[in-house]
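Shared between the two complexes below is subunit A, which pairs with subunit B and subunit C, respectively.
Right, the complex of A and B next:
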């Protein structure tokens, strides 16, 4: 352990655990030793000024998750599910999951928009939500007019780690947690899937499920094996449901095409037979047609790959 | 571990992977499907056409290209990389003809392309070509050939193969359906290629492009009408097969 004030020399000075790689880039290796000297050094150099605090405040304000009604442009005073209590909450995260719900569920009934989430982060810069095109990232909430206790969320924007808690609070808040069932649909690239089998025997896209303790129904596909983990907003919602003992199931589709793709969307079809979606889907052939139309209208004309 | 060893092409990971080459193979999967079939007297290349923007000239988006009069190839992956590889291959074909006064064999030009690709996996500052290619043609001895190359620079001869998105599905279909009967005559081989593509193509025959080379004949691209005819025939055969099945069942 070096004493504070001792000169730091060389890349391996002190326990600051910096390492130079083969390419000369300096990489901070994780160090659990936690030296005392480091704290002292930090205090000297990094005292927060008023400017820093102001910047930090502005950034926090910019990154705030706001839930509001698009028609009236007023923000919701309470959390979404407090205002619209539900028994079934279906969340689609990612463009393929969103396309699945759009074609198969939203077309079999009249859905009314009840709210929209506005958030800003490095990957999702939608600030104006009044004129959203279908291709833009968004997060919109609907409920079924004929049965308002069914709420749907179409989320195709990225919710950053620091915003996930806010999102959960603004959506769930202190809503009634009894008699609620949550279904989450999302996609992940198959290269994230860890398995001891040979990857040439994997038939992507394929579906995997992860559920909370209180979810008693059998899921529509096999469960996600260890050591695979779920990331981002789906993980946040599932963890929230596990903590608050809400029965919830996550259907994760591993695919090798992350952009909008017919085969990936169709891989979600087994979920149509689950209890949460059963009553909601009526016309499957028509839905397939609508899905095909969605594909052609949303096809990004990228000429990079042929 | 991958994140430390996947930045430079010239660095092996501790367990022997060249991650950039493996990532290049992922780029290939982003291209639409291409299938190649070697028949007895014909070689067939079928591709899934990319849908073209309204204002874009369709002729400029081509997945099947002739390298010489008797050799052609289809690719999947990065368009720009394919253009560079095709240009080099075409120049090599002519250069070979001028030097040794004989047209290239299919194997020679495949080896040339594969060597070119391998060079780019061993040079610093360059990245591998992000394409896989299916090269078909007839040699002077009249034997049909089909080769496949991938970003690592390996090449193999195949009886039938597929590259690009959903290549696995198509390959499995071919493994089940590539029989001596299926390639008995030219028409059957063409039908097999179309049937293989219909397994994965998103909107039927309209999105299929087909090219054939017959012995001692130049490359022939099928028109949309001809492909539609074949697709209707295939659908008729399917219906008849299903009727037979249901009759047998009752």
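Right, the complex of A and C next:
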């Protein structure tokens, strides 16, 4: 969260990074080292009153990540994976990844909801309703009734940088979960992909993978080359797995369509043959039908005239 | 917290702890990349923290297909036991209000590891220089009072410029003087924390502007090398000096992807 750029006067005015533009005006340029906020924080720390601290505490409480069971409306006292030990944890982050898991994995077998994350930030507020539509923001956890050690998470909401660590603690807990394999699915815009050719010549969507040291099986696509990096919740989960030596793989789909899109979702198909999803995918033709239905429902909803 | 890569916790007693400040032009971090890459330092662990924005990518120091698939995260520790050097590399920015807690936790760990001294590589906004600073070298050093006498003597013999104090409130004429490092990120916090924890800390910084900061990073590592002698000293030729520091493979495409031919 950043403060709005209101003009500052007084002693801190000189601390802003200034730059001249081609037209001769002087503007406040963001410093790519992210250091302006450090100076603001220092000044704020010195001037902060008890009232400011209380406002900050209330904001932190509002931004807390809470895990609860919707059926009983009770919060989870321990981390999710402490309550539901798992051998396979699959998480989809973003609407296209979520649509892929809904259509290809969740259509076979009976999945029971075991928890739901509730959070608020400037970009989204998760919904409490039980019937989830693709347009809403949610973060729900399920396990497979026939094999409860398989846990799946559908996360379409944006988890802000100050909430990501909290999310990890509430889901994974503070001690490392061994004997578990993690699979993460997400999308990024193709302009984020750095290559020596121009991005306009790339054939998107395409899949790339990143895996932790302990993940031994070959991934379903090529690995993400240097100097490309990943941030946000997928990076937080993968970092946790790398540090605590949990085998984990991230499948990243680079696409030029970030809203719900059939071609982007289908780009995840190579993962269906992986060990992580083996046994969970039964009927692919039926899945494709479900996916098409999901697309049309979403298109109707996105029409601003209805 | 420090999490080792291997089974045992390495013994860092007597080591020199090198670290960057996330500062203007990312010069400290670029300089750390040069040091880790040139000395081929080995990763010994992670500094797992909720204070930095998470990020992951494949090995930024990869030299071949075989070593290119190791995952890297936002804060990693590397070591070179033969020179008793341990280096922290930071690859993302601090989450709001978390920079001070990070400095406290990091320096507590460094102190409990019995490292001999801490060296911080940093930078400061060049447009903040006063007239005297504009006419002198762009490099500065700063020491906490707990730095060993031998180091203080060596630094004096190098004729380095100490970071000058400036008015705490520039607009007021008779304001008190204090150390200010605009654009230095956590540098000042590290210095204050170093003083309060009685840690021997040497801060080396360069006055820079945002832009292509590779030459600034090269300048800063040469400045450090004048004292630490990590690499054998060579002639003053800047091209020769640039060649002996190995730029990591992750420095490719620093300014974005290739250009579309249709642009021309």
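To be clear about the criterion, the second predicted complex is superposed on the first by the 239 of 306 C-alpha atoms of A that agree within 3 Å, B and C clash if a C-alpha of one lies under 4 Å from a C-alpha of the other, contacts with A are read in each partner's own complex, and residues count from 1 in each chain.
Assume contacts are C-beta pairs under 8 Å (C-beta built on N, C-alpha and C of every residue); 3 or more make two chains touch, one makes a residue touch a chain.
Keep in mind it's a predicted model, so treat the numbers as computed, not measured.
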Counting only touches as set out at the top, which of subunit B and subunit C does A:272 meet: first, second, both, neither? neither
Have a look at where A:239 lands relative to subunit B and subunit C in the superposition and call it first, second, both or neither. second
Have a look at where A:162 lands relative to subunit B and subunit C in the superposition and call it first, second, both or neither. second
Once the shared chain is lined up, is A:203 touching subunit B (first), subunit C (second), both, or neither of them? first
Greater residue coverage of subunit A in the superposed arrangement, subunit B or subunit C: C
Check the residue A:290 against both partner chains and state whether it touches subunit B (first), subunit C (second), both, or neither. neither
Would you check which partner chain A:257 touches, where first means subunit B only, second means subunit C only, and both and neither mean what they say? first
Jot down the residues of subunit A that show up as touching in both complexes, subunit B in one and subunit C in the other. 200
In their shared complex, subunit A is touched by residues of subunit C numbered 3, 22-26, 46, 48, 50, 53-60, 62, 68-71, 73-74, 91-97, 99-100, 125, 127-128, 169-171, 182-186, 188-189, 210, 249-254, 256-262
Of subunit A, residues touching subunit B in the complex: 21-23, 191, 200, 203, 256-257, 262-263, 292, 295-296, 299, 301, 303-306
Would you mind writing out the residues of subunit B in touch with subunit A in their complex? 4, 7-8, 11, 26-27, 29-32, 50-51, 53, 56, 61, 63, 75-80, 82, 165-166, 168-169, 200, 202-203
The subunit A residues in contact with subunit C across the complex are 1-2, 11, 14-15, 17-18, 29, 31-35, 37-39, 41-42, 45, 56, 161-162, 164-166, 193-201, 210-213, 223-232, 235-236, 238-239, 242-244, 250
